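Here it is: the structure, laid out below.
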Amino acid sequence: MAGYYARRALLGLSLVLGLTVVAYLLVYVAPGDPAYVWAGRPRGPRAAEAIELAARELGLDQPLYVQVASFVHRFLSGSWGTSIAFKRPVAEIVLRSFKATAELLLFSYLVSVPLGLSIGVFMALRRGSGIDLALKLSSSLLISVPRFWLAIIAVLALYILGLQPFGRVDPRYLVELREVTGFYLLDSLLMLRPDVFLDSLARLVPPALIVAAYPTFYIAKYVRFTLSERLYEDYVMEAVSLGVSRGTLVTRYALRGVIPAVLQLAGVNFVYSFVDAAVVEIVFMREGIGRVLVEGLLRSDYPLIVATFFVVSLVLIAVNSAVDVVQKRLDPRVRI
Amino acid sequence: MVLAPGNRTAVLAEALSLGYEDLGAVFWAVREVDLELPRGGSLCIVGESGSGKTTLGNALAGLIPPYVRTAGRLVVEGVEVVRGSRIAGASKIRGRVVTRIPQNPAASLNPYLRIEEMFYDVLRDSREIKSRGEAREEAVKLLSLVGLDEGVLHMYPHELSGGMSQRVAIALALAPRPSIIVADEPTSNLDAYLRGYIVRLIGNLNRKLGVSLVTITHDISIVEIACEDMAVMFFGEIVERGPVRDVLGKPLHPYTSELIEATTLKRAGLRYGEQTSGCAYYARCPYGDEECLRPPPPARLGGGREVRCWRLAR
Amino acid sequence: MSYARAVRGRPTLWRCWRRRDFKVGLMIVIVLALIAALSPVVAPYPEEGEGLVTEAAKQRGPLPPSAGHPFGTDAVGRDVLSRVLIGSRYSLLQTALVILGSLTVGVLLGALAGYLGGIAEALINYFIELFLPLPPVVVAAALSVLIGPGMSTVVLSLVLTWWAWYARIAYVHSRQLRDLDFVKVSEALGFRRIYVALHHILPNVASPVVVQSVLDSASVLLEVSSINFLIGSVVAPFDAPDWGTMVGYGFRYITTYWWMSFFPGLFLVLTAFGFILIGDAVSEESSPSLRRRWRLWF
């Protein structure tokens, strides 16, 4: 067991290292002049100055091994340079935005995993019936709707209704909000301000439900499919023949093997929910990774984008590793 | 459940057919089978793979999934399980009056649960034993019947050897205190030494505990040890049945002889039967003639023997 | 019916063909492929569809949907219907390129990793683990700054992340094949390993991965569109006629000219739905237990 964790941790560390190498390549092997790209493709009278500054920051005049060493050191210690768009340290902006996106994503998954699981079980047990067909078709349809478009339609509908749930919290509250965790739902509770909590919740729910649409119905369809297969497994049939009751059969026999698979699926699809979160944030004008990318793209803010890439990939690697470990723990057949 | 007084029949099948539906067409895996097993009796159903014996065994154990089509009649311990296309009493008998020893015990034990949990689930739902301690005691008793100690209770199925999981499966089948046990290919995954042990163990369930026993096998060598009566199945039909000693001593149907003596085949290649109107064995039979294109009538001989072959009908 | 037919059943494609959802999905995809092929002829204003702001468009300005312009005209007066029709070519092309690119890289590397074993296996698996969690939208943003935004950037950034998914499936299958008899026999007969890999491993590994790529073609389309939406809502030249970009471009005018985003999005939904219907039918018909009739029976 300990051996497995050690190996998994080692793999995780080596992936972080590999990620740093990829980041290095992105920065130093830029086509054309790396300093020019790092400086944000400057134009105008002060361009030469900015490029020179970037070259010095990257250490382009130094020998290669010094470049690599200083890059790795800087990247792993979190000094990622100054954002061109925001004129503030990249680390600060990326972490702040990341927390905003994480709040949205966590909320979405807290809704979608249990909901998807329940809908899936319901469909599998009633497979072939009218309600199953209707649920299956609507799941397929909801998966087909691009989340950014769904968000636009939702915003339009809310706009027509006179509601504007934009941003993370009413700007009025922003001054008084003390950021302890960076999750506004938690911060407002810590401040004992139910009004702030409700306000930020009201602004969180519409985008979160849109982001949740994909994992919910994807999981539902997957559970329907997998559970339907499991219901004919030898060991389920055996339990049926021994007169085990329906509830026990479904939960302890058929569903037991499905849950680790659902976790893994959720882990794999987390990457794509991240993309959804970014675009939905843009539509709802929320702070977050989506906005960082938009600003970064507008101003060719390369340090910001590379740092975002690094942080987001890091978190996704961590999520994948965690899912791996949990999945192994749930299966007694795997000797770890 | 209430038994009709004087009811001495454990299993009664009359023209029972079981089939699988696919895209509207039905493949009948078991066709118009007649069976009768008295209480406390033991019956072996012998046939090659694909002869429908597992489908029949599952139906006797009340395992009739929704994709199975039925016809005819099946009565188990006075409960009408199949009547025509209706499946009514299956849920009343399975895990209550009849249980099954599965074909592949390693795959039939839930890989996510310890053996103890499985016993608890079965005992709680079939015998209302709610307390875990009581269930545990009962499980230990059941395991000792099959020669296992309580150490097994803490293990997961993948930690058991083939013989051990077979014995656990037998103990589980005994847990609901059934009056009938269906053993489906109980020896298919075992080595020669264990085979003898398991067959005797299963035979003793009938002889010592008085459980009515249906054993399904392709291995004609275990029939004598396990059962008193036997039925030979070919391509969904019972071609011959009677007391084991008589059938093995003087086989009347050419297929039975083939099973016993491994007769050289007249026609090249091993073939399954076809769903024809005539005798299913015709394609493989060394004695076949034109008459076999019509279905052979059952010839009832004395001493409980019955054969479906034109040679004996004449 | 013979025993073999009863056990094995009909081939999957034959079964799919009997299903209504498969037919509907196929119909949608065929119609869209036809639209993509014929759009220069079918579109009422093909040059506007390609992005040109014609004199007529300039005079027209943004118009709501009407008989002359069923989907309205965009902020600079171009016919949205023409843009959507021409856009089908770009959206479908990018989807196809991402799938083909990822399939080629993924199947090749995955098959080699599973078959060769040793250092190659460890190395390729490491790269799979490294690339699988990379967020495509951020990769696309980085590449857009590095080599400029455009269709090739989007395709490249998705292939970079998607190949790992196919490689993992290919790896699992070729791992199993490695130990099978016919592979061992070919090796024992003295065939070179590269020959065995190409003739025995690759064809057998390719089919499950190709099936998987059919199943997630809708996801690829939506990912392509998401990235195009994000880039399109800021930096891309707004004449790129891809559906995602069009929704992104229209989003800037959402409260006034809603039809600019609405119609291209509708086509995205329709296309993805077509792909998903086909995928559903294929995955259900290829599973023997899902073909069985079911009701709650225990």
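For reference, chains read A, B and C in written order, and residue numbers begin at 1 within each chain.
To be clear about the criterion, a contact is a pair of C-beta atoms (placed from the backbone, for glycine too) under 8 Å apart; a residue touches a chain by one contact, two chains touch by 3 or more.
What you see is a predicted model; the values in this text were computed from it and never measured.
Seen from the C-alpha centroid of chain C, the farthest chain centroid is that of B. Two chain pairs, A-C and A-B, are weighed by contacting C-beta pairs, with A-C ahead.
A straight line joining the Cα centres of chain A and chain B is 54 Å long. Distance between chain A and chain C, defined via averaged C-alpha coordinates, is recorded as 21 Å.
Multi-chain contact residues, meaning those touching two or more other chains, occur in chain C at positions 292-295, 298.
Chain contacts: chain B has residues 65 touching two or more partner chains.
Contact with two or more other chains is made by residues 232, 240 of chain A. Only residues 58, 61-63, 65, 94-96, 99-100, 102, 104, 107-113, 117-118, 121-122, 125-126, 156, 158, 169, 172-173, 175-176 of chain B touch chain A when the two sit together in their complex. Of all residues in chain C, only 21, 126, 129-130, 132-139, 141-142, 144-147, 149, 161, 165, 218-219, 222-223, 225-227, 229-231, 233-235, 244, 247-248, 251, 254-255, 258, 261-262, 265, 268-270, 272-273, 275-277, 280, 283-284, 287, 289-290, 292-296, 298 touch chain A in the complex they form. Interface residues of chain C facing chain B in the complex, by the touch rule stated above, are 1-7, 9-10, 15, 18, 291-295, 297-298. If you check the complex, the residues on chain A that touch chain C are 11, 14-15, 18-19, 22, 26, 30-31, 37, 41, 125-129, 136-137, 140-141, 143-149, 152-153, 155-156, 159, 221, 225, 228-229, 231-232, 240, 246, 249, 268, 271-272, 274-276, 278-279, 282-283, 289-290, 293-294, 296-298, 300-302, 305-306, 308-309, 312-313, 316-317, 319-320.
Residues 232-235, 237-245, 248, 252-253, 256-257, 331-333 of chain A are the ones that touch chain B when the two sit in their complex.
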